[in-house]
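Down below is the structure, laid out as structure tokens.
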Amino acid sequence: MFFASDNSSGVPEQVLAALARANDGFAPGYGADAIMDRVRARIRDIFEAPEAAVHLVATGTAANALALATFCPPWGAVYCHRIAHIEEDECGAPEFYTGGSKLVLIDGADGRMDPAALADKLAAAARVGVHNVQKGMVSLTNLTEAGARYSVSEIKALCAIARDHGLPVHLDGARFTNALVAEGCTPAEMTWRAGVDVVSFGGTKNGLMGVEAVVIFDPAKAWEFELRRKRGGHLFSKHRYLSAQMEGWLENDLWLDLARHANAMAARLEAGLSRTPGARLMHPRGGNMVFAEWPRVGHHAAQEAGARYYFWPFDQSLDGPGEAPLSARLVASWSTTEDHVDRFLDLIPGR
Amino acid sequence: MFFASDNSSGVPEQVLAALARANDGFAPGYGADAIMDRVRARIRDIFEAPEAAVHLVATGTAANALALATFCPPWGAVYCHRIAHIEEDECGAPEFYTGGSKLVLIDGADGRMDPAALADKLAAAARVGVHNVQKGMVSLTNLTEAGARYSVSEIKALCAIARDHGLPVHLDGARFTNALVAEGCTPAEMTWRAGVDVVSFGGTKNGLMGVEAVVIFDPAKAWEFELRRKRGGHLFSKHRYLSAQMEGWLENDLWLDLARHANAMAARLEAGLSRTPGARLMHPRGGNMVFAEWPRVGHHAAQEAGARYYFWPFDQSLDGPGEAPLSARLVASWSTTEDHVDRFLDLIPGR
Amino acid sequence: MFFASDNSSGVPEQVLAALARANDGFAPGYGADAIMDRVRARIRDIFEAPEAAVHLVATGTAANALALATFCPPWGAVYCHRIAHIEEDECGAPEFYTGGSKLVLIDGADGRMDPAALADKLAAAARVGVHNVQKGMVSLTNLTEAGARYSVSEIKALCAIARDHGLPVHLDGARFTNALVAEGCTPAEMTWRAGVDVVSFGGTKNGLMGVEAVVIFDPAKAWEFELRRKRGGHLFSKHRYLSAQMEGWLENDLWLDLARHANAMAARLEAGLSRTPGARLMHPRGGNMVFAEWPRVGHHAAQEAGARYYFWPFDQSLDGPGEAPLSARLVASWSTTEDHVDRFLDLIPGR
Amino acid sequence: MFFASDNSSGVPEQVLAALARANDGFAPGYGADAIMDRVRARIRDIFEAPEAAVHLVATGTAANALALATFCPPWGAVYCHRIAHIEEDECGAPEFYTGGSKLVLIDGADGRMDPAALADKLAAAARVGVHNVQKGMVSLTNLTEAGARYSVSEIKALCAIARDHGLPVHLDGARFTNALVAEGCTPAEMTWRAGVDVVSFGGTKNGLMGVEAVVIFDPAKAWEFELRRKRGGHLFSKHRYLSAQMEGWLENDLWLDLARHANAMAARLEAGLSRTPGARLMHPRGGNMVFAEWPRVGHHAAQEAGARYYFWPFDQSLDGPGEAPLSARLVASWSTTEDHVDRFLDLIPGR
């Protein structure tokens, strides 16, 4: 009953097997391994982007910060949602990597930027001069940090606003695959066809040990990205172990299967909670995360039984009347089982 | 016959096994995994430093740059050897992480800083004012980039000079274990007992996929390091996979055995080359690297047979008379075999 | 009729005279001039802070950014009002100088941070870990960007909140003297006695060509500030010309007289507008700035007559019905005359 | 007898007068003043560069660091002489402003980069990959820090090498005018016609209080420069006082006359020293600086008489036999008189 985060899960056996296969003999380092050649080709194929620059790093923060720094100058503003991971959970990595850019926070329900709010901020910024941080880029997160999902048309709408101002768009896809299979679209539809310029295509939360691909659709940016990656200490000498994980994960649509399973387990949680008296969903479920409140009595029972998850907002107290609801985040992963879900739901029978 | 770099080698089966063991079930992320608790205790034990801060990162550049940034202010100078990895091979990562410090280059034979040269530079810097970069810290590399080794007493001498100026000392130990077993001393003797404040304790070149421990002997620096690591995108969410590799590697003295083997293979190369007519060793061998020149005819033969290694300096040309020597770097690793060495030596019979 | 900004005014003759006096012969550079010794002593005296570090720079942005960088680490948050100059008008200088810190915006009426809002943000930040930007420092602006004034007791209250969290406090005093004479307190009361650690004590807007003093009450920070100033290119070689301006300005209470005059002219504007039909004050007047709206017909008349001021917000349009009000900012300076004010008021007789 | 630095001198009366003239009434800020329009036109005219971007800052360090940052990426190397001001006297400002670039030091007699040494370094850098700092730009200083002068043809030769590698060239012209009048060429010949892309055109050392023009010959770089200037805190609100100084200085060829005078006084020093027994010139005199050694007995006499100058290298001791020579730097300025020079020479009659 571990719903604290999808990054608490392990990796499927196919990934371990891929690592073992890659371990044979000597291999050139720093991304010149033969496996990376195949991975690059495969990701270009998946994204229908034969020219795209594809680079691997080990963490989502690195993927995001390097992507932002490659597209946004130090004096640029990055427009993102108020609860975006880049704003709230990266200890200022975007500011560090960009050389001091400013994150400008956009509101919107369920972690999705409201297009009108974005348009307003950009319109205001369009009228400023040298005294102000300049318009830099837009960064979306899909799935959002509230577990919701941007539809393809919503992404298009935001990208259109960005394009009106000449701004590139970054997609933080730490849970890209969960969004993708839920939306039922192609990677191209969710990214460059909608107007996205660079994607953090996350593997870690969906079954890898620590691999994220940064996919840049304009290959002219590749070399700068490579220099920033190296300079950031994110270029692996024994790169084959990143490549191998990614290859094993992409093989036979494993990545899609893992995300589908995680989403299904979240749907099962959601369904159970919707039947629980006193429980209430806080945000529409976009993929593998459920944000819900339920009576404290159920929290007590769940925690005593060893269930792991975060209150959300995380700084709430369990103290209070047993029937008073408390909100929480439940994250399902590729390794969540129906049994985990059902046992958990049994513990919170409502008030 | 792969002598290009020790980071071209794979990992021993014990490391794969450790990863597989760690893969069971859910685990807390970001360094809160139980394996890390054991790794921290083990490394403290190995270094006889029960209070030391121990943190894992995935690359040597990250280990070095974060260590430097934690000890050196933006206006500080880092004194290092002219061919140090931090100067030549990290694309400015130290400058990036420190916020723009300056690397001041010290000469000395075989990649070892000459104590008198260091003392002179520091004495000159002691007399400057606000117009100049200030004295910041000293960074040694052991093994050096020329394959030589600082003895414990040489480290002590340099640290004493640094201490005279109130400067902390960093040890880039990408090949720390190779130096350690060759020197026949303890980790404590090579580090804090000699005056070193922070070590990049490298695992990657000696049998890991990508794990380096940064060991800081003053625990008061730990929290700043953690913030810099996170902000640099170097904190792993599924941290257990770094921990597990490190644990497997430290178990049963595997790390020492791997380094001893690599050093023995380099010694075998060295011995063979010393018997080769027209060959000459360029630097004293400190561990697992051999720098030597031999006639071009031998290079032709080796390369045709598929041997892999770098000319050193790397920008030399193979053109020229067959008997004319050309210098090269040969790196042995834990996975180099006697057969690799002997076949290679057979190819270069001299002029 | 120039009310666009107090930095559109010139300098009083005493400042020119001081420059001329300072121009005699040779003088040591970089702050070692004898005039600076006197200025330092005088400012320490004015602030009743005999140990304070006193440094001059030429711009308010430099004063603020250097002050912030000296007190806030790269991973720290600077808590400031949403419309603070450091957030809105310095093109990211604080982020640049601090190495990428994050400005966290606090709301509050009239440009004053609401103490409860600040306390809430800090309380939330107190519960975070390595994933988040850490609490760094608090920055107040007095006068505020909305022309209001923090009273001494309001400053004390905010400083107390900061101190509860162990945070230093910066006061952006671009219009410090205007606030001071309006509040009728001493410099010490408005700063260190209230809990302020570092002040940007502005001279430029109140009669200097370009001189601001940064006053740091803890002299242990002085050397770091000096290095940051030099490294930022803000240490003047012919420093005597900064010193001389400051000396001339402090002499015979000129600085206080200039601010009193500016405030009186703003009061005259305010009084006139309060008698104007259809006009309305937008913020309480704290010193030399008046924020008011009045009918567009009056704006038309004023602008045709050559009056200079900014609409506030600046991106409003003059189009619209003549009786419809439009808001604007009017800034009086030491060189504003009663005649300027009265002619201006005559132009906007209301609807 | 003040020969310590040309920045110890004051300003000529024309500059004070220009400030007084500019002080009349209100003026738009931040470079929008009418005087700046005239200054821009005048400097474009002087440089025969009708499209050039012209911006004023108050210090040479700001001019240099901003110029470098505008042309060199964070991962770029700046090739400069080992004793360049940007390397030795700016406390890391270039590293700070560029975001962590690396200064690569080139040797050469008299502070002039040796073309072959530059070509060698660039050739080596041309063969590196992602692990290394990339070629960024070249920075010359004229007059050099050793008081010598690059001829136009020497500048051309270095620029040609830079151009072969696609690198822009910066000219640190803190003593540009001294070099110009000594060389007897036009500003265009010394800069863009020779291949220079950006000049720090220094006024401070030659008679201004603190004004340097950054002249960028490709106007496409202007906006980035303006943002960096603002973000660095170097945009003056009361900009007219920078403009006015510059205008007064350029008027009636005052700038040229001042430099000619300074150079003549240095020539007089040089001539006197060449007649002094036991004295010896250390570097060829390019303009207004003389580097020479003479017997300690003469130093004793000069210092006792109140002469001010620096030993060079500055950390030498006056102790020693009276006839033993000691080297020093003597800088003449626009305000040095024949009497200063002659009295000084009288004090050092040789051994």
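Observations
We call the chains A, B, C and D, going by the order they appear; numbering starts again at 1 in every chain.
Following the convention adopted for this analysis, a residue touches a chain if its C-beta (ideal position, glycine included) is under 8 Å from a C-beta of that chain, and two chains touch if they have at least 3 such contacts.
The structure presented is a predicted model; accordingly, all values stated were derived computationally and were not measured.
Chain pair with the larger contact count among B-C and A-C is A-C, by C-beta pairs in contact. Among the other chains, the CA centroid farthest from that of chain D is the one of A.
In terms of their C-alpha centroids, the spacing between chain B and chain C amounts to 51 Å. For the pair chain A and chain B, the distance between mean C-alpha positions equals 34 Å.
We define each chain's centre as the mean of its Cα atoms; on that basis chain A and chain C are separated by 42 Å. Across the assembly, chain A contributes residues 74-75, 90-92, 96, 99, 130-131, 134, 227, 230-231, 235 that each touch 2 or more other chains. On the side of chain A, the complex with chain B involves touching residues 2, 4-5, 7-11, 16, 19-20, 22-29, 57-66, 90-93, 96-97, 204-205, 209-210, 227, 230-238, 241, 308, 335. Within the complex, the chain C residues that touch chain A are 74-75, 88-92, 95-96, 98-103, 124, 127, 130-134, 314-315.
Looking at the complex, you find that chain D touches chain A at residues 30, 73-75, 99, 130-131, 134, 224, 226-228, 230-231, 235.
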